[in-house]
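Chain lettering (A, B and C) follows the sequence in which the chains are written, and residue indices restart at 1 in each chain.
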């Protein structure tokens, strides 16, 4: 879709400096962009890359002059870039309808303008909302529901009775609603604790490739609207995640953890059972939260067992000095 | 299936205190249960939740009085609950037979009362035992065998020649029998070390979603009966795991490790190659066992490199005091 | 395929000591080999296992005498074994052609001697090279290309427009080209940063089961020839990995990291964004590299935050002594 610099500036409520009719047909990075690709600069540091770029239109902070370019001045260029991309890039044109090879139960409800790809299986009483796209090989179990305008990439598995909201994106290989991991040991064997709860996922959630979200045991695993989950993440049974929290790759969240709103969790973090991470907390990559612990609102923690980042840095600095200190002490006594 | 309190008490060999004809049609948690859901209380602490519950029948320790409830007194309420659940909850009714879309080799053997779902592929010389259920999109490679009453959820991959026992549950996305990770470097490139061994999995094993179990290189990767493995776990080539061991999510077990019986491994633990974890040992979450190390029977270890939990706690306490100690020492010298 | 000891010795340019006509029909490990299986011994320590083996032919270092065996003397027996295995083991005979159930776009190009398994989906403008084998349930997205003699095991997903070279092996459940994890927060929500780059994978790359390689955001995620990646690894957007690097299971590589050639990364390592790991560096298992850090060529690092292995060992030794030191210090002051 080709627009002019004026179209984009208007859409962003931004000031334009340069050619109002400059054409914008796509987006790009400064190094590889063509003349009609929109780029952004968010710091003085990146300015040289923009100046050297073939791109003619640049999103830039107010006051940043870019000779020869058409600048669209915005307070937050990267944010504006993400928003403009949604305007400029054509949505994938996916024809609606059910592929001839899909096995859809007559007792399932599929919106007429939804798209169901090849070799999809949709079981009894499942429901697929308007304009939702179900990729090849997806499995939508009995009674599972998906809202509107959601997108399941190929090879997504929804177990029986899980619920996804609208505008949810689930990447390939993600598994929603497998049994939680719970056993009771007795009489020389592990008895499976019942895993009959469900999974409820809100709107505008993104779930990464090969991520697993287990169903509740007796309750519900709940992921609120706006949550973004990276690849290979484990979300165990009965976990609750508040709105707009962000969870990086390979993090593991054990059973019954409660995560607040706007929490940021780095990659490979691990949370023991029944942790409570309050809204706005930040957990560093590879940090480990012991079972039952609470991380206070706004706290930034690091390490295993997790402690405040300041404390972690201080301790780590002393660990670095420890060989020298230790030797000195040995001499003294 | 609706039972009476008497039915459940008899099944559990338990004492009944209350209405012998109280109806039990399902199970639940105290907070969300309906009148006919069986619940359990395993401590004084949870007693209030049970008292406030709408559930009429409660599994409770001997001597715990619950006014207005029908109590079934058992020594281990949670265990009794798991056992009762298996009685009360209806097994999934899955009609036997092979779905019209399944591609089953004429040289494969599928028991007449097994269930093969849509878009399953079963290759030559594979075998599927009685009452086993193979979910949609499962791949059963050449010569792979599955025992009786096992369940493969959708999207499970069994490579050529792997063997699963009876009553095995494999969750979606699990991959059994991919090549182990072995190369020999020489002449400027990595040569693939042959990965021609197999995988043998015993009875009553559960394998989590997106977990990977590699085939042996020249020997066999062996998982004994009763082992429970969570999601996203990596089991490398030639690993042996003893009976009833339990492995939490995202743990990685490197090649040729030998794990004893009844071992418990926390989430995100990592074991280097050729480790030996003796029976009954406990490995904490995120712990790291260096290659070739032995963890003694019954030992509880933590941290990386893993040490005994007591030692870990003591060292960690001193690390917390290190900044203060260090400053004091600096002043002294 | 049955060969003689002479055939194998000639292929390896090696000296033969024993029966030149000894038959070799397969390979094995000393403990389980039959008489016609070739085995190898690479140290005095393993010599007894070879002597006790039923195998008649042994790859062994020069000078190692094995009474009763036919020895093929080579400088690097394990390497020779891997090379000989490629000669001795029959390649999987997979008949070429497109399975009747595959859904292949008429606008895709599939080499006539390629093999496309059951229930494969190949979209418009995709290309599959000569003698490449695509396993059941693989998804080859629009415009994705695969070189010659590559092998996709069942259940591999290639998103739109990714490129795989020749002799690439992708194991089941691997997902190549899912969206990178990037958002810009503003106006109370996370805006998806565009993920419109591609993935380019060179020749002779192996990708483990359930591993995820994300597409670039605006640039390209690039994995060079000869790279070997284990199971459940995460490779984020815009990452570049140099030739012949080896990455063990469950490692996570964050966005825009640059990894040199011949780098070795242990299991469960984590790299923050924009790290630079120079050629020949070694990262220990579970090590954590902070965002933006550089690991110098040839350095061996360990721990989180990663430091040189020597430094790590020294610090760890002092941590072990810390309780004793601390108590002594307490007494002094």
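Keep in mind that, in the parts below, a contact is a pair of C-beta atoms (placed from the backbone, for glycine too) under 8 Å apart; a residue touches a chain by one contact, two chains touch by 3 or more.
What you are looking at is a predicted structure, and each value in this text was computed from that prediction instead of being measured.
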Open item on the list: Quick check: superposing chain B onto chain C on C-alpha atoms, how many degrees is the rotation, to the nearest 5?
Closed with: 120
TODO: Would you kindly state whether over half or under half of the residue numbers at the chain A/chain B interface are used by both copies, giving same or different?
DONE: different
- [ ] Take the average of all CA coordinates in chain A, do the same for chain B, and state the distance between these two points in whole angstrom.
- [x] 27
Task: Sites on chain A at which at least two other chains make contact - done: 119, 137, 155, 173, 210, 232, 250, 268, 286, 319, 322, 329, 332
- [ ] Please name which positions on chain A make contact with chain C in the complex.
- [x] 27-29, 31-32, 76, 78-79, 81-83, 85-86, 89, 99, 101, 117-119, 135-137, 153-155, 169, 171-173, 204, 206, 208-210, 226, 228, 230-232, 244, 246, 248-250, 267-268, 285-286, 303, 316, 319-320, 322-323, 326, 329, 332-333
Open item on the list: Taking the touch rule as given, give the residues of chain B at its contact with chain C in the complex, in rising order.
Closed with: 103, 119, 121, 137, 139, 141, 155, 157, 159, 173, 175, 178-179, 181, 183-186, 188-194, 196, 210, 212, 214, 218-219, 232, 234, 236, 250, 252, 254, 268, 270, 272, 286, 288, 304-305, 307, 314-315, 318-319, 321-322, 325, 328-329, 332
